[in-house]
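Below: one structure, written as structure tokens.
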Amino acid sequence: MAVVVQNIQRADQSVIDRLAACGVATVHEAQGRKGLLASYMRPIYSGARLAASAVTILAPPGDNWMLHVAIEQIKPGDILLLAPTSSCEDGYFGDLLATSAQARGCNGLIIDAGVRDVADLTEMKFPVWSKAIFAQGTVKETPGSVNVPVVCAGAYVRPGDIIVADDDGVCVVLREEAEAVATKAETRVAAEEAKRKRLAAGELGLDIYDMRGRLAEKGLKYI
Amino acid sequence: MAVVVQNIQRADQSVIDRLAACGVATVHEAQGRKGLLASYMRPIYSGARLAASAVTILAPPGDNWMLHVAIEQIKPGDILLLAPTSSCEDGYFGDLLATSAQARGCNGLIIDAGVRDVADLTEMKFPVWSKAIFAQGTVKETPGSVNVPVVCAGAYVRPGDIIVADDDGVCVVLREEAEAVATKAETRVAAEEAKRKRLAAGELGLDIYDMRGRLAEKGLKYI
Amino acid sequence: MAVVVQNIQRADQSVIDRLAACGVATVHEAQGRKGLLASYMRPIYSGARLAASAVTILAPPGDNWMLHVAIEQIKPGDILLLAPTSSCEDGYFGDLLATSAQARGCNGLIIDAGVRDVADLTEMKFPVWSKAIFAQGTVKETPGSVNVPVVCAGAYVRPGDIIVADDDGVCVVLREEAEAVATKAETRVAAEEAKRKRLAAGELGLDIYDMRGRLAEKGLKYI
Amino acid sequence: MAVVVQNIQRADQSVIDRLAACGVATVHEAQGRKGLLASYMRPIYSGARLAASAVTILAPPGDNWMLHVAIEQIKPGDILLLAPTSSCEDGYFGDLLATSAQARGCNGLIIDAGVRDVADLTEMKFPVWSKAIFAQGTVKETPGSVNVPVVCAGAYVRPGDIIVADDDGVCVVLREEAEAVATKAETRVAAEEAKRKRLAAGELGLDIYDMRGRLAEKGLKYI
Amino acid sequence: MAVVVQNIQRADQSVIDRLAACGVATVHEAQGRKGLLASYMRPIYSGARLAASAVTILAPPGDNWMLHVAIEQIKPGDILLLAPTSSCEDGYFGDLLATSAQARGCNGLIIDAGVRDVADLTEMKFPVWSKAIFAQGTVKETPGSVNVPVVCAGAYVRPGDIIVADDDGVCVVLREEAEAVATKAETRVAAEEAKRKRLAAGELGLDIYDMRGRLAEKGLKYI
Amino acid sequence: MAVVVQNIQRADQSVIDRLAACGVATVHEAQGRKGLLASYMRPIYSGARLAASAVTILAPPGDNWMLHVAIEQIKPGDILLLAPTSSCEDGYFGDLLATSAQARGCNGLIIDAGVRDVADLTEMKFPVWSKAIFAQGTVKETPGSVNVPVVCAGAYVRPGDIIVADDDGVCVVLREEAEAVATKAETRVAAEEAKRKRLAAGELGLDIYDMRGRLAEKGLKYI
């Protein structure tokens, strides 16, 4: 049950970059409002924005052994994503692991648990989205798995799926849908630009989207 | 049941400005320690401080249609305040709605739910106090109401009541009490100035407020 | 039951300073992974880092009277630590109390409850780690105790124990163990430096810590 | 600010009884899906079901003095409803207060805080819906108010409004709408009876409510 | 994106019955400690215990339309399992839907949201494991999907997977692993019987499992 | 750091029995409103009521090894009390461990984590007060300690202190204060009996406790 899958497929970097440019909210909408991780997943500092292929980790509560195992599986540009086997806030990850991960080309960490040394990680510009900031130490006693599908903060993530993360939170895109989602997201961005100008000029969404009739039909009354 | 009240009364702008100058903690004390919204209502960025008349919104969970309706009801200087009909963290509001609201003179948003595009909103200097930051998209299917009394994050708010918000959170002041509260708050600010100087000089609150006798009476022992 | 213990023992300032230099995560590990306060204790601003002797306060919910009593007991370099007798988020502490505490040499506040005037406290560089930011006012009716042992955010703290606090949270060190913990923490910092260099050069923790054999023994399979 | 309003208006007992017979879920639907208290308000034992006029209490955290004041204001058939001025789980109410309230004709208690002596209250058949079961004692130091409007567990309740409570939770009905709501609720109960028979016979809601066309229009596909 | 998958595969009833006989804790252990839903999923009444094939539902927050759609897809012995697209506590399900589901042979409901009419459901012996008991009504405006994979209370569930539920909570077993898991679970039950007798006779686990040596090796000291 | 303290002192059984007879709420009041565990500690079934000497356990998250070690330290009439080293809901304890503990004379379990097999434990009449009911399995890899002081659900508990538990929750009494607390608690019970009669006869607490004058002094107004 404790396995490391060594060769995983990743999406093209060009598609990953296009998703990063669109951001979490747009990508989430473009793929039909799915794939968001829970709202408690918050960045340790503001302003980070990225997309990357997920190297997934399933780890016991309070045991960070598999992070060492996972770092060997990283290819430059990847992101680590850790889901504990049961609810946990312990600090699985700190500055030494970040140094190691960054040296191997890792772009960041998504962890449905705790992280520590956040002042150092901020200085290193190693972004983390986590459930908690907590210094609680962990053991290295029980193997978990690397690069297996996991449920992380309420979202199902497979190794090689694309993680998009920014100040709004974290979203996962299926690898095989990445290109189509990127295209839809870009279309959405373009369409929003035109709307933004009209709204900035004072036009109302009620008129731009022609909502008044349907609101009346549904029974909205002005008094 | 789905109604939009179009003409609401607002307090004088001069009174609203006086409340803004005093801030949440002082206003809350001045009006007898009432009117605070729950502590989970946090600003998306630090440093915003304002007071404004509330345009209230009652909306179903996961349905942001009424925000479009409410924006038409804004007068320059107002603030939007949204309460969902049941507990919800979805991202009702993002950069397009903020662009529209800002174009109509809206000063910010209080929302007992989620907000998204927070990097954009921060850059636009459009302040939001919310329960969550969450990209989750919403539908436009079920009308709610605009400018009806609501319970928002544990506080009862009527349209036209004054919202005071800063880094400490959010407080509501009854429109008809606004002037009296502003006066009491200013008195309080002035009184605090004198006390601050004495405390800064090393005098103890125990002496300034003459507490030692009453503490002894209530049984406090020094050992 | 309502008592103020006036003379408490404190660790040597030099030891306290050594603990501050090591930080929360390292000190917590050095003392055998104990003494952490709960992860919900967060700083009101980033970047503060300190160690100080605790002046402890046990206070009823919504009653901040004992803070005035405690400030008289402060010696320069101390930190206040408040535990409510039952769960509470009210704003026990604001800018006036901070002015008073700072004037007496107090370095900060740890409070398993709420704090207010956080914009002012940030400007004053008076660091607070709290459960909540909340303007809710409090009364002065019921005495509690000062400098008695308390449970604060899940940790047992005695007056004169050393509090270490930074962006990772808050940790308590027993006064009588402070010197030994400081020494172990410094050893740990030194040892980490060497590891950090090897990790930064791309060596894996799997190899540095010689983990591969033990992982295989415990059943980890590569596929 | 600390007031006791002595004469409040109550709905007719016959209307109150009709609401009790319909239960929380039906009454909530009949009045347009409003008035529910938060889902964390749970009964201390199963099977209680009642409707009663609210005698409201606004009380400081950890201070149960006003319960004594409120009990004098009870008329037979009333229910006590307590909202703390800030979030609190303390045990404001136990077997002695229940004995007193029951002796005055009180039917139960709704409390957005804690209750204790629940084994005794269960034996006395004195129903309580509360946020917590917690033995934590309270003080009698700070007056609050009786029979003023309050926000209780997210719902706005005025003295004399009707509380409906059962195993599904708690709902408030405006006194002036009570008769109309009772009539609509009874109509709803009658209508449900016919539907229940058809559903019990195996007919589908899809057919009874003629949903298939509208689902197809909205894009539902069968595969 | 809104689809109903009409033909799903189910495990053999005999295997399902074997899993039911073993219960949640044993099945969870037998399959390698995976598949548990979050601990907040609690039964509305004690004593229910079952296993059944899942008919899965993905539904918008506060919209229960798809329950009607799903009921048509039930085969006798199935269980409904609903996951909202974002966090929600509304009461999607009550006595009418239960009547309909029960008439079609449905055994119960797993819902990561709210349920109402729990007194009726208890009387009907229709078991529900839910996140909340809440009367809040829902709309029928936005289609979701039936019989697609979902994440429910932190567990990934595909249509036709087997749900095991009892007073300890809810566990999901992959359809293709059901037989192997049932066999392992039964082996475990048998093995436990022998241990139970020895433990009941006063033998210690320390001796039965021969733990003393390994504890000493790991550094445990008796003092 | 991983130690088992083998000989602990216990209070006299007669004192323990007197505390059990008084119950949690009365004992908590009698000892000055201290020693309560958090309100989230709930019994797995209603109606259990006991007092017992605590055999304390400090255990890593998700590791139940020390329960086996602790059971050897039980003397008839003791209760086990487990605190995890960091927040955890896993099911450390089930029917086999309960069988073993019961065979050694153990009266129950207090656990700031999860428990499983609750249907079996209920049938065995083995009472447990826990943070969660959760089947999640645990490992046996890392020693903790037995019979050391711990913080459990917010209360500081030393081995041999007396645990009082009933439907209201859990309270700890210091061993050296047990006799005095029992006497005060019994006095309180006796005093309450007289008051209960007067209250049952319709007298008001306002009059029995002579509160009207003090309420008026504090500013309470009747209108």
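For reference, chains read A, B, C, D, E and F in written order, and residue numbers begin at 1 within each chain.
Quick note on the criterion: a residue touches a chain if its C-beta (ideal position, glycine included) is under 8 Å from a C-beta of that chain, and two chains touch if they have at least 3 such contacts.
It should be emphasised that the depicted structure is a prediction, and the values quoted were computed from it without experimental measurement.
Both chain A and chain F are touched by C, E. The pair from C-F, A-C or A-F that reproduces the interface of D-E, where over half of the contact pairs by residue number are the same, turns out to be A-C. Of the two chain pairs examined here, B-C and B-D, the one linked by more C-beta pairs in contact is B-C.
Rounded to whole angstrom, the centroid-to-centroid distance between chain A and chain E, based on C-alpha atoms, equals 28 Å. Separation between the centroids of chain D and chain F, computed from CA atoms only, is 31 Å.
The geometric centre of chain B is 42 Å away from that of chain E, both derived from CA atoms. Under the contact definition stated at the top, the residues of chain D that touch 2 or more other chains are 1, 33, 36, 39, 85-87, 89, 134, 136, 142.
Chain pairs recorded as touching, per the definition above, are A-B, A-C, A-E, A-F, B-C, B-D, B-E, C-D, C-F, D-E, D-F, E-F.
Only residues 60-63, 85-90, 134, 136, 139, 141-142 of chain C touch chain D when the two sit together in their complex. Looking at the complex, you find that chain B touches chain D at residues 1, 32-34, 36, 38-39, 85-87, 149, 151, 154-156. Of all the residues in chain A, the ones that touch chain C in their complex are 1-6, 65, 68-69, 71-72, 89, 91, 94-97, 99-100, 102-104, 114, 116-119, 122, 132-137, 140, 142-143.
The part of chain A that touches chain B in the complex is made up of residues 23-25, 28-29, 33, 36, 39, 42, 46-47, 49, 166-169, 171, 192, 195-196, 199-206, 209, 211, 215, 218-223.
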